[in-house]
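Common to both upcoming complexes is chain A, partnered first by chain B, then by chain C.
The block that comes next holds the complex of A and B.
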């Protein structure tokens, strides 16, 4: 079983924390992508799994065996690197079989595995070629075949497509998906390209500054981002953000007010909630509270009430066995104050470009906000859609920062011109609200209030 | 009373002594300020390079274990 588990893994370099309390549970056969900006700690995390870097603290298990202090060769894993690194003096056969020869496999077994791997990555007939006679894609396939012949518990891939040109990258992306479908081996893939992460993964682990921000299926990260960072990082072009102030019945921004039922945002003192493996369940959705210390089973839930000071009052009598996070006085060591909202709080509203529409146009969205007055700025025709930069009326005509503009995606048939006055509306079911200080998600989709 | 040649001899001797002493002092100063630090820098750099090469080799060896 190629299950990979990281438990509170920390990697510190002098005073820099590269990986901070990373806890991951990757199921056998799962394809998980670690994604984040450069320097976020994703490669370091992968290297701790590979054994190339020793973690400062924490434990790593592969196939239910602790490997934290084992050398790479004893971990039962194979890795594909960004720089391919084929031996230039060896032909394709020798490069692919290198790991097996190192481990003294017999010749027949090596032949069988190399032929199978060459078949999987479509390198038949090229086994006698030298690396300098291969194209970039073929060289990368040799590196992948070299990993396949090991028949490892898990594949680790550190930006294996980063050095390929755009067209080949897309082709190899599909090849890797096909390979995973055929082999069904646990794969941990590192990339900074969120498009790669979205298209290939069963789950995406979004990392920033060494901290795991969210681990969830790609569409969950896209539609229900745990916080403002994930919302901005996942999706291309990225989500628009507007700062505002929470009112009793909506959000006031510098450019207009969006009305909705604020009872459906975050939590309030006295609210009955449930703690589940997914987070903090409320009567209007799941909030991304980190509950990993509770180690809850998928079907387990703990009823609780939000107190005035932003903690949880837990009905501990119902719990068997009692989770370690519950203190002796029955209070939880889980701070939910970031989710407690009240009128006057600063919030950030997020909306994706495809969820902005021209008012009155036939967009087929029933639940839209009041309209905003904007002027179109620059148009970017992409073929299948047009990206339209919109300037709010107050800032039109001059240079503006990102906070003063929105990006809208429209159908290429749309009759939108540059410097045109428009009224736009937002699809309320796809407007997100984030706490201004912590960036944590308070609501995905707004309901109620005036339209 | 020394003769003119004697005075000349004494003067030349003093000048030569000054430059001899100046040379010694300069050499000691240069040794302290330039040559010793340069040698130390060279040794430190060589040590760093050796350590970096060892680290690189260990890393490559570890990476080869993952092929």
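The block that comes next holds the complex of A and C.
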């Protein structure tokens, strides 16, 4: 078991950057999921850790040993592949023991380990079979047994459940979690299925276009997404977004104004803030500023002030040792201008389907926004809830695009019909605000402001 | 209606109608015709050899379709007149050696062409394939000079003469290897490129090098391709006429133990068959018997490897 560390890993193919400055620090025994849309670089990242692809730049450490230039076999890792990749010309026993035999373990030890691995994945009595005599789930178990039998420092899993049918996938998901609990081996898991990411991981690393967007525990990614991409990607169905303009005391969208206390949004010049390992702490929450260059300890914090030109002024210039990100004159090399907001800024408002409620209904939410007039479009009863597509009054009747449409989830008991006029309200404490240009999160949850 | 029209039409019209409504019968008939034709063209020469071999040499003139007499002794006589088994063994060794070298080198080349991507891959592959279209006669004179020590290179004041390989296996195996390599590279490239990347990745993660993955996973899974390439090379060399005839003077060892001695000039099967044709007599019956005996090892090889070869020759064309 061991830590896996990636530092500024870059992978370029000709003129395409597949992985861009990826820095990950995965603790011993942690289960981290790399998640993102197809082609976002998550598999490439995993391949660089495995050693199947050599990074263009950057370093990779596994169990405190630099492995950037080592071949895969010397990295102490085991991998489970999407296409399972059992050797079709070998029986189950030979498949599982392949790595041990290559490393010249003696026969008794190989037998003992194969038996144990077969026990763990419940494959007893199938060791003589050939892979083509096994079902999909059994094959995947053999692949997992092949990985655990070597007792590696880390497991790498590249969408291992993607080729299984839906029911088996959920079953194997639970089994993998049980396995991780039992073996407590560092696991890096790649998937595009965010249900897998949410349910299995200690932390999720959301990747888009080769860039790490956020790495945080699943619920943090859900409740406090670092930016608009994470907000839209995590959660199913995904978050609704409305374009708007920041006012002094609210956001004006094309369909009405949402009022709130704009002091809670982003930062303004002169604000006192603190830098911690989590980002930029303000008096109303944490903003997702990239502070990895400061290399802060978990309990460390640096007080600072926001300047007029969108940088930070350090109040405690006597920090020892001075982090490299702090210039000699005591100002930070960190750009916070994305977080600086003023009335007139273009912003995007995000709200999840479950945070939209029918006005006047008994929703039990204390702090709601003013109501919006909408027309229901299509209903999707899911059993435990109903997804209702809503069209704004102004656009109903015409062709709608996603921007004019909201998705609301309501209780199955609700009396909602198609093509019905409805007044809806938003749960203000669960409205997110994102900067329009950078997509960066400015606020999670708004407070009712002076009207 | 049907009966009325049938009675008014002749048998040819009926036959045409029948083959339109029930084309299976026509197809089956055509299949048998073509089948019999192919069987005849491939098997008749063997039958004719057998007829020749069984007919005593002095009764061979004016031979019909049946043997003119019965003389199975010819099959023993072929080994008494000349050491035909040595000729055969020479051919088998030459073919085996060439096949071994070709498979080894073509496997490595096939891996590179089939599984890696690098600039100039297409051009290089084309160049290698082009070699197999060169007429062997084009190489003959330079090779003959080279293998007889007539080429010398002067480097740093030292003059090195090319080795004398005439009458040794080297003089035959080297050109055979070069001539038959491109086809094998092409076959193995096709096969290796169809092994999923995941299997090679899995092998490398489990603990093999790239070469280890080639020999432990890719080659075993491409067994039909390796068998096809191997058998094609083996048969081609075993049948080879041009270089074998010109790179050896036709002498062979007298006993099986002398096969590695200098008295064995590595004359192959073909020269053995031709040696029944002397200045004074032509033993057509012995030549025919020797030809049949010579075919046996290849026939056995093909029967044994047949299943693999058939799947090999088609697997290249049909992707799963």
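Just so we're on the same page, the second predicted complex is superposed on the first by the 446 of 451 C-alpha atoms of A that agree within 3 Å, B and C clash if a C-alpha of one lies under 4 Å from a C-alpha of the other, contacts with A are read in each partner's own complex, and residues count from 1 in each chain.
The rule is simple: contacts are C-beta pairs under 8 Å (C-beta built on N, C-alpha and C of every residue); 3 or more make two chains touch, one makes a residue touch a chain.
None of these values were measured; they are calculated from a predicted model.
J.: Once both complexes are superposed via chain A, do chain B and chain C end up clashing or fitting?
T.: Superposition check on chain A flags a clash between chain B and chain C.
J.: Examine A:98 and indicate which partner it touches, taking first as chain B and second as chain C; both and neither are also allowed.
T.: In the superposed model, A:98 contacts both chain B and chain C.
J.: Quick one: chain B or chain C, who's touching more of chain A?
T.: If we count touched residues of chain A for both partners, the winner is C.
J.: For A:88, is the partner it touches chain B (first), chain C (second), both, or none of the two (neither)?
T.: Only chain C is touched by A:88; chain B is not.
J.: If we overlay the two complexes on their shared chain A, which of chain B and chain C does A:71 touch? Say first, second, both or neither.
T.: In the superposition, A:71 touches chain B and chain C alike.
J.: State whether A:13 touches chain B only (first), chain C only (second), both chains, or neither.
T.: neither
J.: Quick one: from 75-83, 201-209 or 219-227, give me the piece of chain C that collides with chain B in the overlay.
T.: Here chain C runs into chain B along 201-209, and the other listed stretches stay clear.
J.: Do chain B and chain C touch any of the same residues on chain A, and if so, which?
T.: Residues 50-52, 71-73, 77-79, 81, 85, 98-99, 102, 146, 150, which sit in both footprints.
J.: Which part of chain A faces chain C closely enough to touch in the complex?
T.: For chain A paired with chain C, touching residues are 50-52, 71-73, 77-79, 81-89, 98-99, 102-103, 146, 150.
J.: Of all residues in chain A, which touch chain B in the complex?
T.: 50-52, 71-73, 77-79, 81, 85, 98-99, 102, 146-147, 150, 156
J.: Which residues of chain B touch chain A in their complex?
T.: Chain B residues touching chain A: 59, 62-67.
J.: Which stretch or stretches of chain C touch chain A in the complex?
T.: 196, 198-199, 201-209, 212, 217, 220-221
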